[in-house]
Structure formats: C-alpha cells, structure tokens
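We call the chains A, B and C, going by the order they appear; numbering starts again at 1 in every chain.
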Amino acid sequence: MRGRFDKQLEQLNDMLLDMGAHIEKAIAMAKQALLERDIELAKKVSKLEDDIDQKEKDIEGLCMKLLLQQQPVARDLRLISAALKMLTDMERIGDQASDIAEIVAESTPVLTQPQFAEMADAVIKMVMQSVEAFVKKDLQMAKDVIKYDDVVDGLFESVKVELIELIRADATSGEQALDLLMVAKYFERIGDHAVNIAKWARYSIAGRKKSEPKNSAG
Amino acid sequence: MSSKRKIINILNHARVYFGIGVSLAILLSILLLIIINGIQSLSFEFVFSLSAPRGFSLMPMIINTFIIVIFALVIALPLGIGAAIYLNEYAKPNSNVVKVVRACIVTLSGIPSIIYGLFGFLFYVIALGWTWSLRAGIFTVSIMILPILIRSTEDALRAIPVSYRMGSYALGAGKFHTIRKVVVPAAINGILASVILSIGRVVGETAALLLTAGTLLDMPQNLSSSGATLSVFMYLITVEHGDMQRAYATALVLMTFVLGLNLLANFIARKLKKV
Amino acid sequence: MTAFEINNVNLFYSDFQALHDVNLKVNKHEITAFIGPSGCGKSTLLRALNRMNDLIDGCRVEGEVLLNGVDIYKEMDVNVLRKRVGMVFQKPNPFPMSVYDNIAYGPRVHGIKSKPQLNEIVERCLRDAAIWDEVKDRLKKSALSLSGGQQQRLCIARSLAVQPDVLLMDEPTSALDPISTAKIEELVIQLKKQYTVVIVTHNMQQATRISDNTGFFLMGEMIEYGKTSDIFSVPSDKRTEDYITGRFG
C-alpha cells in the first residue's frame, strides 16, 4: 500500500545525492581555481551554482508534494522535514563555493598557505559524508561529521594566525590577506553547514522527542 | 442489444401494471358491489333505530361488535405487548423457553378460528357455565388475537435499532426506562399495525363468536348477555333468511365500522407518539 | 490530574481475551486518542470505561478501572457511572423524537422535571455543542430530520445534558463528510476546557489534529502511550512506527 510512497522517498534520496555531488564538485572546482589561479575555471563555478539552485527548487517541490499527498508521520515526517531543512544548508554551501570562485576570478590571490588545500579537502569530505549519512541512515557517520568540524575550525585558526603575520610583515599585502581570510572563512562556513546537514541526518534517523529536554548537541 | 433490452423492459412494465390492474379491479368491484347493493336498502332506521323489530336495526349488533372489539383489545393488548417485550428484550435469544413459546405462537396464529370457537364453547360456555355471552366471546377472541399482537409487536420491536438502546443506556437510563421511553414509542407504528390487524380479525370473525357469544339480536344488557356481532348477523341473515338486501346493507355498515375503528386507532397512536 | 486510571485490565469475551494487561492514565481536561487496526481492542477498552461491555453476554473484566480513584466495576452503580461518563457513537443515533426531547431525555432520566430548568439545559447544551443556531427554530421538529453532521452534534449535546465528567467518543466522525468532521473536531477541542475526552479513531490525521495523548493498540495490547506529538514524530516502538506510517494494518 505504500509502494508508491517508498518509491518517491527513494527518488528524494537520489535527488539529494545528486545535489550533494554537485556541491562537492562546486567546492572542488573552487579549490582547484584557487590553487591553480585558474580564472576560467572559477567562472564556471557560478554556472554550476545555477544548476544547484534549480536542483534545490526541484527537491523542495518534491518534499512539498510528499507532505501534501502522504501526510507523513514518524520517520517519514522526520525524513521529509529534515530533507527540507538540510536543503537550505546545501544551497548555502553552493553559494559559498561560488563566493570563493568569485574572489579567485576578481583578485586571484597568491597562495602561500598549505592549509587551504587541506581545508578544502576536509569540507568536501564532510559534505559528502553528511549527505551520505542522511541517505544511508548511518548515525555513526553523521556523528563523525559533526566531530570532524573541529579539524576544520583548527585549520581556520591557523590560517588566520598566518595571515595576521603576513600583514604584520608586509602592510602592502593587506588586501591579499583579507581576500584569503574571506576564502578561509567561506570554507569554515561550509564546514558548519555540513555539520547542520549531519545534525538533520541524525534527527531523521534517531529523532528527538519534543517532550524530552534537549540534551547537549553532540 | 438495446432494443432487446427495451422490449424486455416494456414487457416487465406491462406485467407489473397488469398485476396492479387486476388486483385493483377485483377490490374495486367488491367495493362497488357492496356499496351499490347496500345503499339501496340502507336507511337511517335500519342502522340507528332503537325501536325497530328484532333484526331490522343494526344498532344492537354495532354495539355488540364494539364491546367485543374494545374489551378483547383491553385484555389482549397489554398481554401481547408484554409478551413481545419479554421475548424480544428480556428473554435470552435462542433459549429453549423462547423457542417453545415462539413455536406455540406460530402454531396458534395458524389455527382456524372454529377451533378457538370450540375451545371457548367447551371452556367458557360449558365448563365455566357462562352460557352464550359477550364475555365468553370476548375471552375467546382475546386468545385468538394474542398471537397476532405478539408476533407483529415483536417484529416492530426487533426493527428498532440497537443504537437507540445504546444511546439511552449510555445516558444512564435503566433497561425498563429505555424500553418504555425509547423502544416502545419508536415501535408504536408497528404496534398500531398489529392492533388494526386484530380489529379486522375480531370484526370479521363469525365461527368462533357463533359458538361463544351466541346469536341474540337484542340490545345487550350486560356482559353476560348473548349477542350477535355484525358479521354473525350477516351470516344468520344470509344463511337462515336468505335476505340479501339486508346482508348487503350490513356489509356496508361493517366496512364503514372497520374504517372508523382504524382511523380511531391511528388517531390514538398519533396522540401517544406526541407525548 | 487523572480522570481514569486503568490498572492491569484484562478483558474476555467468553474464551477470547480481547485486552491483555492494559495500564494507562487518562488525564483530566485533555483529549486522549486510541488508535490501532480493526479488532485491536481500542473500542473494547473505550466501552470498558462506561461499562457498555456489560451488555455483552460472557464479557468479563479483570483488573481495575478507577474514575477519580473509585473502582467503577466494584464501587459504583452502573447508571451513575454512565451519567458521569457519556458516550458518543460511531453512527449518529438520535432518538426518534424531537430535538428538544432528545436533549431533555438524559436529565429526565435523572429526575429533572421542571420545565424552565429543562429549557435552560437544552439551550446550554445545544450552545455548547455548537448547534444551537442551526436548530433553535426547530426544537420541536424530529431530530431525524437533521443532517448527519447535525445529528452527531446533537448526540454530543445529548451527552452533555447529564453533565458528565468524561466524554467517550467511538469514531465519532467516521460516518461524516469532511466539513461536518471539521466542525466536530473543532467542537471536541472546545469541549476539553470543561470535559475530559477519550476518542477512538481510525483517522490518524484526526488523532494528530485534536488529541494531546495517543495510545496505540495491537491485538489487545497497548503497545505505546504518550504525547501525540511524540507518537507521530518519534514513536518508541517499531510496531507503532510501522502502523502509523502505513507499513501494515
């Protein structure tokens, strides 16, 4: 009796995975453009971002349709409402990848800090795993993503320190340092959004009773 | 296909209308026969006169019939309704007692009235020494209409949805209160139908009353008097005198009488329902 | 504040055990919904709360059902119990009498005869049941002339007329159209200010819309009981989850 509903939920998962793959690609492209100072590649990211926005709308439409038609309860309700919430985070990640690419296209800063590549790889991994945790209902993976954010935060702090050093040593490189700080901040924000996605995945899988007091977010 | 269906449809309609037409025609011709023949010999004196010679006024017979109908109902109605309520509301369905009682009722309602007459004659008239009298007649026809009353009252009660009873119980009403205030009022139409059936049976009865109430054509003095009802009078006048004119006139009065009693019963039921 | 306390209730229809060891508390001034597949015992439990099961031959109840601390099977007259615990049925069942007499029936059963007092009760109950405006000009008309939804609200008004503490409702909207259903749901939510409501429903959306607490029953057992918002978002038991998401039943 719920064969059709199950198919629709599968479709929702597929669409989320697809959108996840696109935002990973956007981050990877932004990273490559940044490292290789490739302006052409950087410009392609904003096109990809349009695709991502379209995908967001499609998934949102499917979620609305499911809410209306199936009036889901319990795990179905958690799954669909979590999908709607994490969708916003995924779209923001796309925006931020595009913002990084924009900085590259406009001022193509020279990179001297090895942490940027590391940060980019870390957030790509987090984004990938958070979406995967949601789709595969893997609670442990979601928890791992939430924990992994500390690594990204650590990298951001060390980049910040180095950039402050850079300005102190040479005042003329101030503009360059600020651009790089913003790039680092965008990577850090992407990490935060991945954490949000992982938390929605956790809610979808395990739930939390409204009548229970909130326990500390793990 | 569709034209075939049309033909079948027309044939079916024709069959139904034919059935109705024949039944109505028979009924109407009987009515017309009685009315046309009856009205010729009907006169005010013949119906209402209190001083006409014996057999030339229907007044004594009308009064006898009225007395027997009313008293028989007074006796049988409470018993019949009570029995029906017991069987339908209180007795365990399908218990042996109920099975035996039901079998008896079905059998009794199928017995020819002459048997009741014979019983009444042997028991009331002879054994109790009541001689031919209105009361022997009353008691005999009371027994006779009891099965009719019980059966149709029971049917009426059974037709009352359980949900009415549940609704009443759920308000904290007891069983007796529920039956008295909800079930019986709701069944009043069915009970009324059984009363009308019973009246018809009594008014139309000859055999049983010939043997118990007797054939006296005088005004009754009391319930011990012998007295013929309208039907008995018709029988006597046709068989013993061969006077068809008076028989037709009596039949007309009898029909009017039944109609009047039915209207009265309807009126009473409507009054009861309002309360 | 507990209206009903149900302790270790086992209920048998002759040899068949319809309820197994049910324990639960029904809070005052809240709406408690019982859900579950057909034949799961939810209606049986509901009818055990005003002893309607007494009318069924061979029905036997073990354990205790306390209404405000008093055992309704051992320490209370059944007609007193039913005055305090009203019931509304699946199919509207107004008596075949006038609108007025339907409402006045209960109070009359319990000895109220004064005409002004009855008038007052009839108007108040019809107002409480949100049907006064629709029937105030036809109080003397037969209740059977009302529409299905109006009949059901009339039945609710009829139950209110004996001033119960608790109102039991056995799938009260399953025979009604969506508009009438919405009106009844609205009404039920209004009623909880003054009454405690226990409702059996097949419509899970209805349970989520109106109830504060939900109990899920399966094969005579109470599987899960808790806040409605929890049961329908984060049920603890897999069987509850499977039932409400339509995986069986």
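Quick notes on this one:
The rule is simple: contacts are C-beta pairs under 8 Å (C-beta built on N, C-alpha and C of every residue); 3 or more make two chains touch, one makes a residue touch a chain.
Source: prediction; values computed, not measured.
Relative to the centroid of every protein C-alpha atom shown, the closest chain centre, again from C-alpha atoms, is found for C. Top-ranked chain pair, ordered by C-beta pairs in contact, is B-C. Averaging Cα coordinates per chain places subunit B and subunit C 46 Å apart. Centre-to-centre separation of subunit A and subunit B, using mean CA positions: 92 Å.
Averaging C-alpha coordinates per chain places the centre of subunit A 51 Å away from that of subunit C. Put simply, subunit C touches subunit A in their complex at residues 204-205, 208, 226-227, 229-230, 232-235, 240-241, 244-247. Only residues 92, 161, 163-164, 166-174, 177, 181-182, 185-186 of subunit B touch subunit C when the two sit together in their complex. Put simply, subunit C touches subunit B in their complex at residues 50, 52, 55, 57, 79-83, 86-87, 89, 91, 93-97, 105-106, 109-110, 155, 158-159, 161-162.
Of all the residues in subunit A, the ones that touch subunit C in their complex are 1-2, 5, 71-78, 207-211.
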